[in-house]
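Could you have a look at this structure, given as structure tokens, before my questions?
Going by the order they are written in, the chains are A, B, C, D, E and F; count residues from 1 in each one.
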Amino acid sequence: MSDAPDNTFSLVITGAPYSSQAPQTALAFAKAVVDSGHLIDRVFLYGDGVHLASTLIAPPSDELHLPHAWSEFLTEHKVPAVACIASALRRGLVNQEEQDRYELGASNVLPAFEIAGLGEWVESNVKSTRTIYFHAGS
Amino acid sequence: METLIIIDQAPYGGFSGREALDMAFSLAAFDQPVSLLFTGAGVNWLRKGQMPDEIYQKSVEKNLSAAPVFGIEKLLADETSCLRYNLDKEDLPAGVVVVDTDAKVIASFTQVLFAG
Amino acid sequence: MSDFHTLHILNKPPEHPRFAECLGMSSSDDALLLIENGVLALASPERLSDRKVYALSPDARARGLTASEGLLDYTDMVSLTLKAERVISW
Amino acid sequence: MSDAPDNTFSLVITGAPYSSQAPQTALAFAKAVVDSGHLIDRVFLYGDGVHLASTLIAPPSDELHLPHAWSEFLTEHKVPAVACIASALRRGLVNQEEQDRYELGASNVLPAFEIAGLGEWVESNVKSTRTIYFHAGS
Amino acid sequence: METLIIIDQAPYGGFSGREALDMAFSLAAFDQPVSLLFTGAGVNWLRKGQMPDEIYQKSVEKNLSAAPVFGIEKLLADETSCLRYNLDKEDLPAGVVVVDTDAKVIASFTQVLFAG
Amino acid sequence: MSDFHTLHILNKPPEHPRFAECLGMSSSDDALLLIENGVLALASPERLSDRKVYALSPDARARGLTASEGLLDYTDMVSLTLKAERVISW
């Protein structure tokens, strides 16, 4: 593998914001990928990582708002981001479609994130030069 | 591309092992070669006679028995971890291969990952 | 008087750092209650030799484990928490 | 301490449902407290434990629905339950009041749970015979 | 009632240490005696010169320095853990007492708890 | 050819079980990148003696630690992941 541009990365985040450092490390890494001239094929949220896609997180105003910081990055660089549907449903993250299907009272997924299955991870994993995982540390 | 997914968490107390298994089944469903390695407390996935009905969970023993059917290639168990948890080779589910896990085992796979 | 000084509720497997912490901060006057993944210590019980050890039966059954004594249900667990001077969840 | 009735328990849950076993163990313990003739003063959700109060969790239909099972128990036995406000805001759990205050798009806290500060935990801790913690195990 | 809150997680990588500190401050605010014990990787809370601005977090060193002001009684550090992480007694923040943590230390408190 | 066989990204402190697992499954041909709480190994570096060790500088600084060599920023980390044959996040 060379260090030259047009390498593609797939990033998988499994640690939750404000509980693990994973979303912050992953964002700094993602910015460095783009700054180095490489591409990010996709960001995949799995397990507790799906909480990053929540519209309802309101951290103290002097702390970094990780869901908003991630949303800005994704939008600016047109990077697709997917939260695993099985992880999301078990953890209370639903979009309009899942809200209707399960007759829930609200939806709470940021527009920068889609909800989809593990097939998205498999596809991204196969076509990317590197898939890097960001787990909870503790 | 050959993938190894490592499960080092015991079942039931946490959910990352189940999520690892889901990842393995997804790779297999898309015809991507995938194997599982059980190590540390993760070898307790392989104990026979699990009855989690009273804690309102489904048996992972049953999930795991479907692994060969769904196309998981190898089920590996770390030898030292099996000893530590009193798991004899003959007690392990059919098809599980006991290995002395080291850098060579890792090097035989294109990618190696944890679910969490 | 309490039956024992401290009841240590341990829900982590033996390799978790908090398992060793718990043993280091407990004495033979204390009792250990293994719950959730803590019951995996039943598979290698020599570590706990000099302690009074209990285990939640539903958690042991779930994991295919058993013990010759000290298996409790949740009602027993409630009683046990009232018998100790203090209860620590590790 | 005697094992006789009128002991009061305070329960603190810090592990999330579908990520840790803490909410299931705590529920079985809570039922045993009540069955033994003791009282539960309060249940306090802290850290990742606040996710138990979510209205938007939709686990597969053959798995125990922990937020619903807990809600039923709390309602049937008139047990107050409180999610820590600081933990909840960082993790995307908000009631109507917080939704309005932070101008968020929805609220997602089950009616059986209130949102309040750590003072509730201190008060319950002081007046209960025993405070029992249910942490994530991993 | 005397409470001991144990912090065994290092700062920044996870948030349970901060949540432990919030619990301690709350007890102190309601005039309940409370002390903190740092052990395992938790002793890294006590290292001087923490600069977490580049990882977008606030220094826990600063939070902790407010502990005596807010009425936290004792700040204890486990001796073995300090040795393991190369923390000399003279490098620890003022007021921190190094102890050999055993059952006797635990027995001197009415209740002992972790934040997670 | 790759510069080294495997890049191990380690974000857990030395007492975490996965830290020992990582050392057991790596060889001296591999490189270790300490990030997040993994940088705490810099405070007791003897465990890592025969390995090529890197550490994320922002994480080391956050924790009041430093190292005489191998400190990287996130851009260096990106390059490093491309130099290895495989990358494992522990």
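The rule is short, and it goes like this: a contact is a pair of C-beta atoms (placed from the backbone, for glycine too) under 8 Å apart; a residue touches a chain by one contact, two chains touch by 3 or more.
Which protein is which chain? UniProt says A, D = tRNA 5-methylaminomethyl-2-thiouridine synthase TusD; B, E = tRNA 5-methylaminomethyl-2-thiouridine synthase TusC; C, F = Putativeoxidase protein.
Everything numeric in this text was worked out from a predicted model, so none of it was measured.
Student: Drop subunit D from the picture, leave everything else in place, and list the groups of chains that still touch each other.
Tutor: one piece
Student: Report same or different for the subunit A and subunit D interface, where same means the shared residue numbers exceed half of all residue numbers found there.
Tutor: Over half shared, hence same.
Student: What are the two chains with the most C-beta pairs touching?
Tutor: A-D
Student: Which chain lies the greatest distance away from subunit F when centres are computed from Cα atoms alone?
Tutor: Ranked by distance of C-alpha centres from subunit F, the top chain is D.
Student: Cα centroid separation between subunit A and subunit C, in whole Å?
Tutor: Distance between chain centres: 39 Å.
Student: Centre to centre, by mean C-alpha position, how many angstrom separate subunit A and subunit F?
Tutor: 24
Student: Between subunit E and subunit F, what is the gap in Å from one C-alpha centre to the other?
Tutor: Measuring from centre to centre gives 27 Å for this pair.
Student: What residues in subunit F touch two or more of the other chains?
Tutor: Answer for subunit F, listing residues that touch two or more other chains: 11-13, 15-17, 36-37, 58-59, 89-90.
Student: Quick check: what residues of subunit A touch more than one other chain, meaning two or more?
Tutor: 18-19, 21, 25, 28, 47-48, 90, 133, 135-138
Student: Can you list the residues of subunit B that touch 2 or more other chains?
Tutor: Only 12-16, 40-41, 55, 57, 111, 113-114 qualify.
Student: What is the complete set of touching chain pairs?
Tutor: Chain pairs that touch: A-B, A-D, A-E, A-F, B-C, B-D, B-F, C-D, C-E, C-F, D-E, E-F.
Student: Quick check: in the complex, which residue numbers of subunit C touch subunit E?
Tutor: 5-6, 17-18, 21, 24-27, 29-30, 86, 88-90
Student: Under the definition above, what is the set of subunit A residues touching subunit E in their complex?
Tutor: Touching subunit E: residues 18-21, 24-25, 28, 62-64, 136-138 of subunit A.
Student: For the complex, give me every residue of subunit D touching subunit A.
Tutor: Within the complex, subunit D contacts subunit A at residues 16-19, 47-48, 51, 54-60, 89-94, 98-99, 102, 104-108.
Student: Report the residues of subunit B in contact with subunit F in the complex, numbered from low to high.
Tutor: The touching residues are 8, 39-41, 101-103, 105-107, 109-114.
Student: Given the complex with subunit A, which residues does subunit F contribute to the contact?
Tutor: Against subunit A, the touching part of subunit F is residues 2, 9, 11-13, 16, 35-38, 56, 58-59, 73-75, 77-79, 81-83, 85, 87, 89-90.
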